[in-house]
Structures are given as C-alpha cells and as structure tokens.
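Below, each structure is written out as structure tokens.
Common to both upcoming complexes is chain A, partnered first by chain B, then by chain C.
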Partner chain A sequence: MTALATETRRTTAPAAPGNPRAAVLALALFEARRLLLRLPVLLALAGYAAWIVWRTLQPWDDYPVLQDADRATQGGPLFVGLAALLGANHAVLRSRRRDTERHLGVLVLSQGHRTAAHALSVVPLALLTAAGVAAQFTWEAFKPGAVGTGSAAELVVGPLTVLLFGVLGVLLGRLAPSAVAAPLLVVVFFLLFVGAAFPFAGEESGAAWFAPVVSAAGTHPFPSGLLGRPAGWHALYLAGLALTAALLAVLLSGARTRTVQAALAAALTLTVLGGVVQTSGVPAATTAARQRASVTPEKDQRCVRRGTADYCAFPEWTPRVGDWARVVRRVQALAGGTAHGRRLLVRQRVEARYGLDGDAALAPSTTPYQVTVGTAWGGNRIPEFSTAVAAVLVAGDEKAAGELCDGRMVTVMWLSLAWQSDPEARLRNVRLDDSLTGSAVVLAPTEPLTMTAGQTEVVRTLLDRPSYGVAARVKAHWTELTSPQVTTARAAEILGVHAKVGADRCAE
Partner chain B sequence: MSPASLLLPSAQECRMTVTVSASGLGLRYGRTHALDDVSLRLGRGVTGLLGPNGAGKTTLLRVLATAVPADEGAFTVLGHDPATARGRQELRRELGYLPQTPGFHPDFTPFEFVDYVAILKELTDRAARHREVRRVLAEAGLDEVRGKRVKKLSGGMRQRVALAAALVGDPGFLVLDEPTVGLDPEQRMRFREVIARAGEDRTVLLSTHQTEDVAMLCHRVLVMAGGRIRFAGTPAELTARAAGRVWSSTGRDPGAKAGWRTGAGTFRNVGDPPEGADLLEPTLEDGYLLTLDGDPAEVTA
Partner chain C sequence: MRGVIPALVVPVWRTLPWRTLGAAGAVGLLAVGLPRLSGAHPDPWTALALLRSAALAFALGLAFLLDDPARHTTTPVPTGRAARTALRVALVAPVAALWWTAVLLLAPGAHRPPTGAVTLEAGATCALALAAATVAVHRTDAPRPGRPAATALLATALLAPLVVSDRWVLFVDPRDPRWATAHEHWAWLLAGAVTVGCLTLGEPLGRFRPTADRPT
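Now for the complex of A and B:
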C-alpha cells in the first residue's frame, strides 16, 4: 500500500470508555463559551457593567452604608439573568430547531447528560456576575465615606438570580420546546421587574421573599442589627430553586436514575426549607431592637466629643463623626453670641419601628441644643444637617426651629448655607421644590422648616455678598437677629439688604 | 485507475472477522414492513447497500446506528449488544453515523461542530480532542474552511462536515446514509477517497443509489427491496448475475426488462436476450437491476 494508506490507519484509540462526568464538564465549558458570546448576553453584560459604573459614580452615593450597598448589587443582575434565560433556552432547543437530534441522539452522551451540561454552562455567567457584584461592592466599600458591614448572603443573590434564570431557560426548553416560550417569559419577567409588579414587591416579609430580589428599602439606612432580612435563608431558597430546576430538567430529559431522584428530593427540601423560613417574618428580637433604637437610641450608641459638641452615633457610624463635626464647626464659626461656643449634642436617630420600607419622619427633638443627624450622608443630606444645626443654634431646639416663622429664618438659612461651596445650589438642594424663588419647604433631618418668598429673597441677596461682611453684622446683631420678635424686614435691614419685604406669613 | 480504487481493500483482507452481525431484524411502521427478517454479517471494509427508494435501507441503518430499536431480531456490533443499556453505550462509542439529511448548527464553524460532536462522543481531553478534530477536518478536506460559519458553506462542504463529524473519535463502525447524494463529480471523488481510507481498518456500511460508488469502493454489497435483503455478496458476484443477460441491438428489444440508447447509437438491453444476440460485458448496475427483478429466494446472505 502507499503512503496515503499509511496515514489513514486509526490514529487514536476509540473514545476513552465511559467518563460521562468529564464529558458533561467539557460540554458545559463548550456551551458556556457559546452562551457568553451570544448577543443578548453580551448586551446584558455591557449594560450591567455600565450600570455598575453609573451607580457608583453618583454623587449621592459618596457615603455608602454597606448594609444597603450589598442589597444595591441585586438589581442589575436581573437583566443578565433574563439574557441567560434566553441564551440557555436557545442552546437547549438548538438540536431540535436544526434537526440534528437524529444525529446527536446516537452519540454517547445521553440527553440527560447534555441537559446537565446546559445547566452547568450558566455557572460561568453567574461567576462573571459575581465578579461584577464583588467589584461594585468593593468599589463602595473603599469609598472614603463608607460605613457599615455588608452581608455575603445579600451579595450572592445577584449571581444566584442569574443561575436560577439560566437554569429556568434550560427547564423551559425541556418542558415547552418552542422558540417563542422563552422570549414570552422574558417579556413577562421584564414587565414584572420594570413595573416592580412582583406580587407583594417591596414588602419586608411574607410572600415578597418568593421573588428573586427583595429590595425593600426606605430612605434611611438602618444599623445592620436592625435589618432583620432573612438573607441567608433567601440565598438558600434561590440556590435550592436553581438546583431543583436543573435536576427537574435532567429528569425530564430521561435521566431517571436514583441519584438524580435523590438529588432532586434534597434540592426540593432545601428550597422548601429556605422558602418557608424566609417568609416567617421579622424576628421578635429584631423588632425589639428596632423599638429600642427608635425610642432610646442612647442605649445602643457610642458618644465622642469633638470641639464644642458631643456626637452620639450607632457604632457603625462613628467613622462619620468627623464629617458631622466639620459642618457643626463651620456653622458655629459664623454664629454670634453664646451660640458661637454653645455645647451641642449631635445625636444620630433612626425611625425603625415601621420596618425597612417604612418612611416615617423623625419627630423633632425637644431637648435643648440637641441636633438630630440621620443615617444617610452625602448630597442633600449635608445642607439639611447644616440647616438643622443652624436652626437649633438660633431657636434652641428642633421643635421650636420647626415653628420658625419670622426674621430668624433668614439667619438660620444664611448660617446653614454661607460656609458651603456654591451656596445658591445648596439652597436649591435643600428646598423641597428645588426652587430659588418664592416660599418653600426646607428639608431637615426631622420636621421641615418653611421659608417665605421674602425670606428667600433676602437670603439669596446675602449669599451673593462676601460672607465675612455679612458674618460681622450677624455676630454684631446676634441677640436681635435671634429674637422671636425680629421680622424678616427688620433682619434684612440689620443685615443691610434693601428689599421690599412684606409681613411674615408662614402660610404664604 | 483512480487513487481511490488503489486503496480498496481486498476481499481476502476483509473476510477475516465478522464485526457486525444481525439476525431476523424486523420493524413495522403501521402495516408496512420497513424491515422484514433481515439478517446480515459484515466484516472490515466497505459494504455497499443498494436498493430502490422505500427499500428499507435508511431504516436498517438507523436500527444499526441505534437511532431506532427493531421490533424483532437482534444484532451486535463489534461484540456489543444494543439490547442492554451498557451494550448500547459501548456500541455508540464505536459508532460514526452520517444520516441521510444531516442537520447542522449554522452558527457553528466546522471546527466547532465537529468539536461538539467529539465531546458528545466523550472525547474529554481538550488538547487531544482538538488534535483529533483537526485531523478529521483535514481528512475531509476542510482545513481551509474550518473557521468559517457552516451557514456560509456549500452543500458539498456541509456534507463533508457531516462526514468529518462521523469520523471523529476514530469509530470502528461507520454508517453512511447516501453521503454522496447531491455532490458534483469532483466532490464525489473526494468522498470516495475518504470512505475508501476509512474502510481500510473499519467496518463501513454505505447506503447509496450510486452503483458506481459501490463498484469503486466496496468489497461487498447488499441489495434491499421491500424491507428484505435480496442479495449479499461481492460486487463481482452481483455483476456476474447479469452475465449473458446484457446485449446490444439496433432498436429497443421488446423482450428486454430495460433498454436504452447509448452514445454510440445502439441500444443496450438487459433481460433475457433472444437467440444469437450480441452479448455485452455486464456491469454492477445490470446485476442490480436484474436482482431487483429476480426471486428473493436467491439471496445468499
């Protein structure tokens, strides 16, 4: 025979006998590569990366609270999950759609093994999502203003959601082998996410936890001990659900072995266990802790003295005392009379009695020279706290400050804003309607204050002037400017503002 | 003589070991006997399977490839009995199957598609598998297009991809269902080369309508009709069936079973020649035609 014949001899041994596990792994890697290169997945990953960057660059996110930042990682992966559902379903239906099953059906690896490989092929995408979650959380944690502690159970929700949706795509391919089933399901899920229309979405307990992401969150972060979220059980529920869906898909593919059946039973048990425990509501100890933190926060707080003020905060927030102290120092530096050296108590307060998603306002304190500071910081929270400090220095306590309806409001707002960069922008920030003219509600950590149109005009005129000139007049006329009898017109006159200001009418 | 014909294994070489053995295979689709008491024995080398449409060729190949189970009878391939799950798995490890109209994943490249099939054949070592994929792609003449999407390949190229997929893993039993259908002469020649090489040390069962393919490639031939084997023997034996039954005439002989005008202007007749007819050298096709028209009892399986 010829050289040509020699090269045609069987060059390799026949397929190595029976290592289906290794073959499943090899197929999973093959399918994973294809899944990661599918257009919907690439678009979802690009969108997810952009979302992470956009979110972490927001100025209001400069002072993250890590027990909230972990939860904030859960939204973006939902869309990666939808892409995973589409991609995995597409891969499962590939043989059927292209009529290759007649060929592939006689190959060694059974359909059950191939289904297992499809389910496993979602794992790398889930790991990629985990890397995104880790990057996002690490970025937050390394911001100079970060406080608090994150939860690993909350952080795994995003990757588990991707895994669950991908596996659902595999299961759907076995249950309803139609090319339209997955896109329809994706549309339904998309509407539910975008419209937050998951049944009971936003609730803190109960059936809400059957949804993959439960992002119940009010406007104010809680100390981590008050969260009461069954994050660990929810992660177990999601992992169990993903495992159940995967094993069910394998079972439907014909692999009805005892091992698969036993694993399915175990996965189902984990799902039920996680599902039931997570919906059992907020533990009694957490409810009691919330009550205590809301009513008697001093029992849980640590206090430190900085300059003329004492700062009492929940332990996780003590690194933020320096930020608060800078504001207090700047406001007091502009004040006159006894207020300049007045000893203040800055107490951090939280209203936790109505749960995480409660939005109840903090009641103003009646304790003299006690200023409330919330658990959020950064953005508008800084001028709001500055206003609270100024109001207490002028009115004596928060309750009285909330009732200001005279010329003292001019002094309060000038003290609050004059030290800040771009004070006019801060004025806009601190007013509820973001206006710079007319009357408006002014936000503060507790009850809001009100500014009349006249007071607004006077304050804006003062903010346009060099602060040292105004500060001199404020200090010189402190007693009169902080007297309950001072009208806005009189305050304007004292401070050298020539403006037509009518009588003070708070209802204006 | 073509290079492919040089590679044909001799009948002696291939008569040595029985690798595929079937007895009494039967399969019905409703009232139709797709397979009716089919028995056969195959050894190494290329065995051609001839028969008209509906003869049961594809059904027989699908049964032997374990794509469908037979209703009756039994068979073994390389000692593996597909009646048991383990035997079926072992058989599939030795199987290379090219279906009649193979499907493709159009977004795959030939490399990806064959690699995918290789994984399904449990070739798990990545480096070794990729070497094997490159080898069969080269053998099928797909080296230059292995990175192109299958959807951009011609029909002939796609058929070669399917052949490469059947060859990957170096199977001991190769089942090819009309692999040369729709190919141009050059592509068919290339296919013959590959199949001939494959048949050197494997058992290849080749279903085809092309008697020319059988004549050039096979050391044995089976003829099926009506779900039964009508002939089993060597191509020379099939050809010999037409000895003395092919003749030339100036017009179509009314007694001929088939007759047609040749390029020389005379008629070539097949059947029972009249006295003193001008007899011609028979071909395999003549033998095939006469076998289909003959008595099933003559089968020599």
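Now for the complex of A and C:
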C-alpha cells in the first residue's frame, strides 16, 4: 500500500507536461487497487478460488486428460468477469455520481486518458485470473494420473474473458451513463453465457464461437489431434474484441486522434479476422482423423505388452497402461481354467465421428478376447472396465458378453467386483439405477450387460463371503460355470449359495 | 393528510425513475421476446430461466425506485417518508403488473411454466428489491441508495442458486416434485421482504443528521 503510493509518486513526478503516459499509468494502478478491493470482485475471487479447489479435489477428477482440463478452466472466470464488469462500470461513473467531472475537467488528464486508465485498471484482475488458471491447470497436470497435453490458447480464454467483460463495463459507462445499465448487462450476460440461453450454445462449430467461452464438454475425452477447436483464433478474437471495446471507449471520451483511430481499425481487423476464421467449422483433416481413429484405431495406436495382455492405446494414453494392467491382473488372478492365463488384447477406442459433444456408445467388439477401454478413467470407469474384462474372459468376446442371460453372469460380476475394495458400493456404481436389489442394467465401456434379480442376490451373497473360499470354488468348477448351459440356480448351487432363484429371464 | 396524498400523486409520479424502469422493463421484454421472435422453441427449463431473468431485470430497475436527489430537503416535510414511499410503490405497482402481463403473454405458450407460481417468484424478487431499497434508505444518508441495493440484489440472485442448500429448495423445474415446496419458500421470502420493507418504511429519525458534523 505504502510501496504503491511511493511508486505512484515516483512515476508521476517526472511526467513532462503533454506526456500523460505516466499519469495514466498511475491512475490505472490506483483504479486497479480500488477495483480489486470492491466487494463484488472480492466475492467473485473468493468464489473462484473455492470453485478451483472444490473441482480439482473431486474423486472423478483424479485422472485428468489435459486437453480437456485446459478447457475446464474457462467457466470459473466468467463470474470474475461479471464482477469486473460491475466494478469497472462503477469506477467510470464515479466522477459523474459524485459530480466531480467539472473538477477533473480542468486537470491535465483528458477524459480520454482517464478512460484509458480505467480500461487498463482491469489488467491486474485479468492477471490475477491468469494466476488462478495457471494454478488450476498446474494442479491437474501434476496429478499422478494426468495424461495428454494442454493448449495455451485454451488457457488464456479465462483471463481474456475477464479483461473483455471489464472493458465492456468501461465502454458501457461511456455509452449509457446510468447506474442500472451495468446490472442489466450482467443479467443478460449471465443468461447468455452462464445460463446457456445463447442461441448457438452447445454447438461444436459455427456461430457458437462468438460466445466468450465455448466449453462443449463431451463425456469422452478425445486425443488432442482430434479436437479441431479453433482455440488460437478464438483467443485472437477475444483479445481483439477487448482492444476494440477499450479503444472505442477512449474514442467516445473525446480522444479522436489519428493514433486512436488507427489502433481501433487494427483491433477491429483482428477481431473480424479471428471471428471469421474461428466459425469456419471443423477442418476436413480433423474430420478424416476422427473417422480414422473411430473406425481403425489400430493405425494411430501404440501397443505394449504387460503380463498376459497387450495394450494398444493412443500415444497420449500410454502412461495409463499400468492402471489398466493392474485391473486385468487382478481379474485374471480370480479366474480359473484357460482364462487364468489367457492372452488378452486391451484396445482403447473412442467414438469421435459425432463430434466433441456426441455421446454415442461404442459398438461391442466381436474379436475374441479383445477388451475395449475408453479414454476416461477414474471413478466408475474402473469397475466398468473390470466388468468388461471379466465378461470377455467368461463369454469370449464383448458381443457375446452383452447377450449373457444365464448363470455365467454371476461369475462375471463376482470376478469383476471381488478384488475391489468395498465391492457392494462398486456394484451399486456399475448398475445404471444405482440399486442393490432387483434386475438392472450393468454399465461397461461398450454395450451394457443385464442382471436379473436372482443373479443380483447370488452375487451379493458371494461378495459377503471371504473371497478366497469363493475363488477356490470358482476355479474348481470353472468349466461348468462358464458353459452356456449353466443356469443361475445351478451356478448358485455350485458356489454354495442357498437362495431361491427363479428362471433366467432377462428384460426385453 | 388525506388531502395531501392526492396532491402528491402528480409530483411523485414525475419524480419516479421512469427511464431506469423503462430500460429494465425493456431488457426483460427483450429477454423473453427475442427468442420468440427468432422462432426458437426454448425448452421448459430455458423458458423458466428467461422469465426469471426478466423478473430480475425489472426488480433491478425497482431497486432505484426510492432514489430521491432531493432527499435532504424532503426529510422535514410533514408528509412522512413512509407515506411518500408507499405512494411511489402504489404508483409503480399497476405499471409493473401491466409489464408482467406482457412478459407472460410473450413467453411461448406451450412451454410456459405455471403462471401463478412464476408470478409469485417475480413478486418476491420485486419485493426483495424494494426491501433492499428501503433498508438502504433507512441505514444510510445517501440520496440515491438504488445502486448498492441493485448490486446487492444482483449478487444475491446470481449466487443464490449456487449457495442455497438442497434442503431449502428455491430454484426448481416445474416437473420437479418439490415445485410446490419451493413455492412455499418463495411465499415466505415474499412475506419476509414485505415485513422488512414495512418496518424500514419510515424516516430514520434521531440517527439521521446530514449536517451534524459539518461546521455551520
């Protein structure tokens, strides 16, 4: 505070008359400090910090994919931006509200210079947001499960949004000097950009890119080569828009010099350039790459051998092979017969043909002993993959596993869950309706499986027993338990469960 | 007193912040009207969000209703602030009702949420805005307390959906089974805002001394 005051004095003192640059800077620093200490801005910053911590500590975020994590930094700064809009507008209108415009009018600094200082005063808040974004992304990148690469152009969107909104507050103060204007604009922006009432919100390309933040968060992360997001052009568009708004505000304040006009023209050109290029849609090369990665992933993938299985993954995901191998090893250790040492192929697949926000399910593979793994990991994805491995070991391939409707389902679910900590909770997680009784759909990386009420009861009884005892019975009767003729009642009998199990009838 | 009120109607009508209210009302009408004009068919949730935003925009205008540049000179007049504030509210109420009817008619019919319940939400929001303004008048000496009142209302409205706990639901979908419960809460909010507004209607006499610390 004192240091700032000293600094201000030092910078203003040598300012020669007619060269108000130092004075503009000093005023900008003063206004920046006031802006940072305004209650809405402080609230927004506190909320932003809390949001970063809450979001990054979520268990489903333990395995971030960095080309998605960079985009995930963009939503939080919107609130800071709205607070910046209010605060900057408030500061611009202060001299009018307090009726000091007449006093300021006789000073060396013209209104244009003062407007420039107000616009500059948003920069420190944008830098603070940049620090927040950097902290959030670094935190994600240092998580042990992080894979992929982030993009700087996606990361600057948050700070640029804050800058743009703040500068729009300054411009609004010059265009409509009314106290109600900024709150109304905040309501409109909130509705458009946070409430998703923007007419093109949710689209992947085209006019949706005129909004400051285009999140298009899909359920399955894409390899970074398939994203096809014009992030660089969008950053240019945002920067150009912020510059245009600032220069327009300066121009409206009476500083109609040749320099300002030329700069405004340049900024407008940048904005139009960025704005036009970013809306030109997904490039044909990206569409082709998406097609190739979805239909023939083996052309892009790298394979490694771990234990009894080969793992083929997109190059960015190879650090995750260890996690997959751990699941396969645990499931296979419980299996008996030939399945115990069976060579598996774990292939990573992604359905990229329907765009980033498409949530089309992967078709089950018909290749024998091939297991599909998706691009997301952590949370429910782990028990789902475990179920897929168990189902392929028992049924032979994923297509056949999806049609299981007999006693083999008991073996599949027990293999899938018995090695996990708190298997009942995991069972609840993989069932679509989160139930523990009755029939249910069981989620897997490709098509789901089905469990009848009887199978659920038998599996739960088995999970309550010590797993070594059940494992011995499973291994001893492996051939019978995995034969297509085994009914659930027979499987229960073999495994020593005395439960009344009806006939196997799966929901149509 | 009875003869004074009719005499006050015209001057008070003229001092109402019509431009502010007009701007706020126009933003509300545009928020609901533009999607309709563009031929879009917003889903029920978006339609409700649009109506809520329109109500919030108008409430932000209402927060400026008690702005009175001549406050320091009107303090000692015999017709108390309570009567003048009540008159302001009474004058603006029919305009607000007309405006809200227009907004409801503009909202696409197929996806319009239950009218009574949304009107209750809008009424509670406007009452909160007016309560914020009367509290601001009561607690400060400022002749124009509208801006802080509007900022407080705006911050509350934007943060409430994030902060309000799930046990005291407020912002729900019409298809949500808790819709009725949420509207009981809105009714409580309306009642609370009206109570606070009535309690703070009067001039804060005794504490209010705009010239006490100035040398005469």
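Throughout what follows, the second predicted complex is superposed on the first by the 489 of 508 C-alpha atoms of A that agree within 3 Å, B and C clash if a C-alpha of one lies under 4 Å from a C-alpha of the other, contacts with A are read in each partner's own complex, and residues count from 1 in each chain.
Criterion: contacts are C-beta pairs under 8 Å (C-beta built on N, C-alpha and C of every residue); 3 or more make two chains touch, one makes a residue touch a chain.
Values in this document were obtained by computation on a predicted structure and should not be read as measured data.
By the touch criterion defined above, A:Ala444 reaches neither chain B nor chain C.
When chain A is checked against chain B and against chain C, the one touching more of its residues turns out to be B.
Applying the stated contact rule after C-alpha superposition, one finds that A:Leu43 touches chain C and leaves chain B untouched. Once the two complexes are overlaid on the shared chain, A:Leu172 sits clear of chain B and of chain C alike. In the superposed model, A:Leu27 makes contact with chain B only, not with chain C. Once chain A of one complex is fitted onto chain A of the other, the partner contacts of A:Ala181 are limited to chain C, with no touch recorded for chain B.
Once the two complexes are laid over each other on the shared chain, residue contacts for A:Leu82 go to chain C alone; chain B is not touched.
In the superposition on chain A, A:Arg114 contacts chain B only, with no contact to chain C. In the superposition on chain A, no contact is made by A:Leu35 with either chain B or chain C.
Interface residues of chain A facing chain B in the complex, by the touch rule stated above, are 1-2, 4-5, 8-20, 22-23, 25-27, 30, 94-95, 98-109, 114. Listed in rising order, the residues of chain B touching chain A in the complex are 3, 6-7, 65-67, 89-90, 92-95, 97-99, 101-106, 115-117, 119-126, 128-129, 132, 135, 139, 162, 165, 169-172, 197-198, 200-202. Contacts from chain C toward chain A in the complex involve residues 19-20, 23-24, 27, 31, 35, 38, 40, 42, 46, 49-50, 53, 56-57, 60-61, 64, 144, 146-147, 150-151, 154-155, 158-159, 162. Interface residues of chain A, counted against chain C in their complex, comprise 40, 43, 47, 79, 82, 86, 90, 97, 178-181, 183-184, 186-188, 190-191, 195-197, 199.
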